[in-house]
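For clarity, chains are labelled A, B, C, D and E in written order, and residue numbers in each chain start from 1.
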Amino acid sequence: MIIRPNCHWFIRLFAWQGSVLPGILFRLGLNLAMSLIAIFCLGWYESLGIKLTLAPFSLLGVSIAIFLGFRNSVCYARYTEARQMWGNLLIACRNIQRQALAICPHEAQQVTSLLLAFCYSMKHQLRGTDARHDLTRFLGENAEKILHRRAPTNFIELQLSQWLAEQRRNGQISDILYTNMDQNLNQLTQVLGGCERLASMPVPFAYGLLLHRTVYLFCTLLPFALVPDLHYMTPVVSVFISYTFLSLDTLAEELETPFGYAKNHLPMDAMCNNIEINLREMNQERDLPEAMHPDVRFRLT
Amino acid sequence: MIIRPNCHWFIRLFAWQGSVLPGILFRLGLNLAMSLIAIFCLGWYESLGIKLTLAPFSLLGVSIAIFLGFRNSVCYARYTEARQMWGNLLIACRNIQRQALAICPHEAQQVTSLLLAFCYSMKHQLRGTDARHDLTRFLGENAEKILHRRAPTNFIELQLSQWLAEQRRNGQISDILYTNMDQNLNQLTQVLGGCERLASMPVPFAYGLLLHRTVYLFCTLLPFALVPDLHYMTPVVSVFISYTFLSLDTLAEELETPFGYAKNHLPMDAMCNNIEINLREMNQERDLPEAMHPDVRFRLT
Amino acid sequence: MIIRPNCHWFIRLFAWQGSVLPGILFRLGLNLAMSLIAIFCLGWYESLGIKLTLAPFSLLGVSIAIFLGFRNSVCYARYTEARQMWGNLLIACRNIQRQALAICPHEAQQVTSLLLAFCYSMKHQLRGTDARHDLTRFLGENAEKILHRRAPTNFIELQLSQWLAEQRRNGQISDILYTNMDQNLNQLTQVLGGCERLASMPVPFAYGLLLHRTVYLFCTLLPFALVPDLHYMTPVVSVFISYTFLSLDTLAEELETPFGYAKNHLPMDAMCNNIEINLREMNQERDLPEAMHPDVRFRLT
Amino acid sequence: MIIRPNCHWFIRLFAWQGSVLPGILFRLGLNLAMSLIAIFCLGWYESLGIKLTLAPFSLLGVSIAIFLGFRNSVCYARYTEARQMWGNLLIACRNIQRQALAICPHEAQQVTSLLLAFCYSMKHQLRGTDARHDLTRFLGENAEKILHRRAPTNFIELQLSQWLAEQRRNGQISDILYTNMDQNLNQLTQVLGGCERLASMPVPFAYGLLLHRTVYLFCTLLPFALVPDLHYMTPVVSVFISYTFLSLDTLAEELETPFGYAKNHLPMDAMCNNIEINLREMNQERDLPEAMHPDVRFRLT
Amino acid sequence: MIIRPNCHWFIRLFAWQGSVLPGILFRLGLNLAMSLIAIFCLGWYESLGIKLTLAPFSLLGVSIAIFLGFRNSVCYARYTEARQMWGNLLIACRNIQRQALAICPHEAQQVTSLLLAFCYSMKHQLRGTDARHDLTRFLGENAEKILHRRAPTNFIELQLSQWLAEQRRNGQISDILYTNMDQNLNQLTQVLGGCERLASMPVPFAYGLLLHRTVYLFCTLLPFALVPDLHYMTPVVSVFISYTFLSLDTLAEELETPFGYAKNHLPMDAMCNNIEINLREMNQERDLPEAMHPDVRFRLT
């Protein structure tokens, strides 16, 4: 679904879209200003007996790099887990649809509607957007009954479960087949519960705070430590080091909350669209929706 | 459930709530005092031939950072596992409730009560608080029989199991459906056993002790190593480095025991409340409890 | 399937095939040129008061190494997961074939065809190549119906499912046996969904971009930092350090997208061939295809 | 079960129990002696043209720290896995007991005996101690038949399985219920097999050897590298750095083999005791054994 | 099965067996020679204006240590996974044997033979050795039919499956019991598939190559960087650092391919022997084979 611009390594050096550069430009500017202050004031504050050397910053920088590395793997793990949940959603939907087609093919259409309502509702719930349009598309008037619920997505799954129970009560399917399909409904519950967990449990706030502060303080003091050695080259090196640390900090923060609209968030619109195409095609429907493609800025929503 | 203050990066630099700063302020003060002592005594003890240089501290600092990184990932893993257990609790409760509604809808109310008693009892058991009020709310007089048990939460699950066995014996549900629901009871046992394990198995005591000591000794000796180079800037750099190391050590310690009341512990009140809302809504109940929101200090209990 | 040249450690030092060296040779040349420029211009730009020292590059280099290490483990994890998916595919195919042989041996041939069509179709789908030849080989005329599908591989699984449902409807297999085999079909869905997830979710683009840039900028500035100390030895050390960083960056990039034709990508042709041999042999067929072996350059496709 | 002394950070600095300090005191003494030798011989061996500087030791120290960090996470992972196995044992026992109580309550007492015999036997098997007393307590005369077996714990599980098979043959339980309980027996096999695996597969011997040697050699040479810079402060810094490295090495070694009697090993006595209390309470027994508590030295066996 | 020599820390320093030292002795000798060359030629090549300092090697050394750490954890993970597979094999064999004994005890002997043939055949397949002797021991004349197969181990499992299917067809076991045992056969497939995957998928060749080269080049250049500072101490420090890096590189390589005969490979002979003892004892056989013990060099095959 996401197409990565597989461009040449040289062109990639100057890519603007997709990088976190725009978001930290102002802070890099501040760092540049600080470097210039350091150069011009060096004589004055050294005469006061104040000096900074690079050695303690080396120790501190490596320590911060280690902790940043830890925070990055933690945030990336959340991003990966979120993506896996959505992958599992596709898998569960395909399985349920497949079983419905195998066991009670005449009802498969209805299962599709409920499954798609589940997916779109989960998307809207995670993003905090209004699900009315999408739910009406799949459930018609029943959508209203769901929209004002506290846990709407869970309620849609309950309806799938009720439908299944009805088939069993009518003698359409045996207890064994019921159990078999019910276990795939458990998968849906797991996907939903897992996504809700990720959305409601951030990385402990203090981690972000702590690294944020140390990274900023480090970048602010750095020029003063570099200037005795590097003099006029201070801005180049200082901005370069700050860029490395600030952009990793910023990127970690974006990945920490993967259910948003930012560049590096999950393209849930495209994933819902993909599930819709899959389920409908299994149903032998003809007028499938268009697959979504990244826009000119390589972005999918 | 937890709302993270998604504030601007600049404001966040000076956030007070949610950081671990208050807890280590005294120790940072000690470090500041040590820096001042180092500055004033430098001449005296150098004349005695005693000196410290930064190089060995650089080696030591990076080593401690690596070990701190290890301890942080270990403690964070415990925190994440605890959160996952509670996520799985929500999932298991939804599944059991869903199956009860599908198979024996008239008994669903009773299942809800037992499930909620299970959740609240587990919360109290993990925190070591009194479960009487909550259990009475769900089980009425039966609560008394449970409160004096050694393993009360496990006993509530046993009652769920007895209820299920009764349905089978009455011929309400077949062996197959019994087995299907019983497998979700296994999930409850797993959540309970997993949380008990986390609560009773700390990270080996020696780890915390070891890092604690090295971090403190390192921070205490650091000013004496910095002062020959930095002189009057020693306090700034020394307190900064100490802040980084001490706060990570403190944070790891908080996350190590996730079932408490501290800022970075799991908000189990809110999670029980969330499960209650979910299960009751599935039951079509009207007067659902209010969802819990973080207080002005962004804290949930 | 892949035969690793288990050569002597000495010979391995000069291996050319299988290394990433050819891909970064041009960039190492650039670095060499930069080193020579640094040597010849040293006097001139030092007279302008411009100088670079190694200390800040040491800090930066170690930080980049930490982040490169993170990116490598992330990309390697993707590669391993992809390989595991294909391993699971072999496992699922063997299980389904085994069950078919045990329960309805007369139909086993047909199951084999569908399973092999599934594997080859997945290979082509992941590589974006044309599946016509392979599908026709296994499905005959039915292949046409599948080729124009949006999700062809999923559709083949649906046919397996239909076949299974037919056996159940004919009373060939009981509901219990149906459920047992159906659970192995779920495994196929998981493999397919997992591979599609890996193919469609790259590591967040900004990570690659960020490391790419810092690595390149670092390697470009490095000679200027080395030259005051090393003088004529600058090219040797600079190219050596650049080689280490650039090749790890390049290797991570190759592993990130494991479903291609590059040297370090998954040999999916050989894996499909292996599954084919396995399933056909289980069927007691005689004329099994040849096992694929690496070519003279130790490459498998 | 394990109560962690949640003492003040200041008191903890001087804790003696629970630390690995006693075990490495002699080796720290050696290091101290080496430091003194370095101080007194400095003049003499420098006159011979022999000198050591800190720079290569810095490089080496950080490398060793990285490898020690790796070994620590590996050993800690073994410890955690062992603890998880025992947690799963509690979970499996509760599930089997719960199902026995639900399906054939009159036989539950017998199941309890076999389960407890399984737990205690596993404990003795892992520690290599004599299981006679505990097995006789639960199985009476049957214990003798088990004690001389090569795989006694596995044999107890076989008896559980035989009991279950008997119930099925008598028509007490249907095939479906039999299967349901049998799957929990599989859990027991997994716990037993997993613990046996951990006990019989150490971390490759060469790892421990390698780190052991490098750590010791590093600590021995360190004073000679520190003394030119630090002179009289050499012993303080050298012993401090040695303490950090040696104690981590020692701790990793303890965690590597978690089934012993050392301070940081698993308290398997207490865990068996806990399972006994749980199962007996589920059986409505009155005279439950006392829960075990840590002794004055915070130790549980 | 593997007995680790739990010797005193002092004795362990000089252990020869089990270490990787013999394998790298020649290369350490080369490094020693290089150090001596560096010492004797120092004056000459410094007069040519060629010099090397330690600072860039410090940066490079730490980077290589980080990448070596990554490679070690990757290779160790493979080793652990391989060991887990074999642990799971024991578990699956015990479960299948237990179920056979519970359900059709008269056929248990035959199941044992097939299971043991499976284990031994897998061992030979992974090592590429001749399975004739072991297969004949368990399967008699049937062994011939298996030996010339392309996937002999898989074929043995197929025979287990056929045996099970026959029991079902004869009405010996119901569909439910069939399914229950069949799911344990799936475990066998997973173990076999997993081991085949590990054996056929090495870590990407370029990783080993890359680290190999950088480690060797680093060790070769290191003496020249050390000699200006350390002079006559160069050989000691250079060989020490080289020992650390080379032995980790060598150890990682050994663990990468765990199915061989090297010291740190899996002792598959002993593990097969252990499974044989277990299964036969469950069958109440008397003349169990001897348990295998490490030889005087602490080696198990």
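FYI, a contact is a pair of C-beta atoms (placed from the backbone, for glycine too) under 8 Å apart; a residue touches a chain by one contact, two chains touch by 3 or more.
Keep in mind it's a predicted model, so treat the numbers as computed, not measured.
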| item | value |
| --- | --- |
| Both-way neighbours, i.e. chains that touch chain E and touch chain B | D |
| Least step count from chain A to chain C, where 1 means the two chains touch | 1 |
| Required minimum of steps from chain B to chain D, each step between chains that touch | 1 |
| Copy pair chain A, chain B: interface residue numbering same or different (half cut) | different |
| Between chain D and its twin chain E, rotation from the CA superposition, multiple of 5 degrees | 70 |
| Euclidean distance of C-alpha centroids - chain C vs chain D, Å | 38 |
| Between chain C and chain E, centroid-to-centroid distance (C-alpha), Å | 23 |
| Interface hub residues of chain B, defined as touching at least two other chains | 55, 58, 62, 66, 69, 73, 176, 179 |
| Overall pattern in which the protein chains touch one another (line/ring/star/complete/other) | ring |
| Order of the ring members, counted from chain B so that chain D is second | B, D, E, C, A |
| Chain C-facing residues of chain A, complex | 1-2, 4-5, 9, 12-13, 15, 18-20, 54-55, 57-58, 61-62, 65-66, 68-69, 72-73, 76, 79, 83-84, 87-88, 90-91, 94-95, 98-99, 101-103, 174, 176-177, 179-180, 184, 226, 229-233, 236-237, 240-241, 243-245, 247-248, 251, 254-255, 263-264, 277-278, 281-282, 288, 291, 298 |
| In the complex, chain E residues that touch chain C | 27, 49-53, 55-56, 58-60, 62-64, 66-67, 69-70, 73-74, 149-151, 154-155, 157-158, 161-162, 164-165, 168, 175-176, 178-179, 182-183, 185-186, 189-190, 193-194, 196-197, 200-202, 204-210, 212-214, 216-217, 221, 257 |
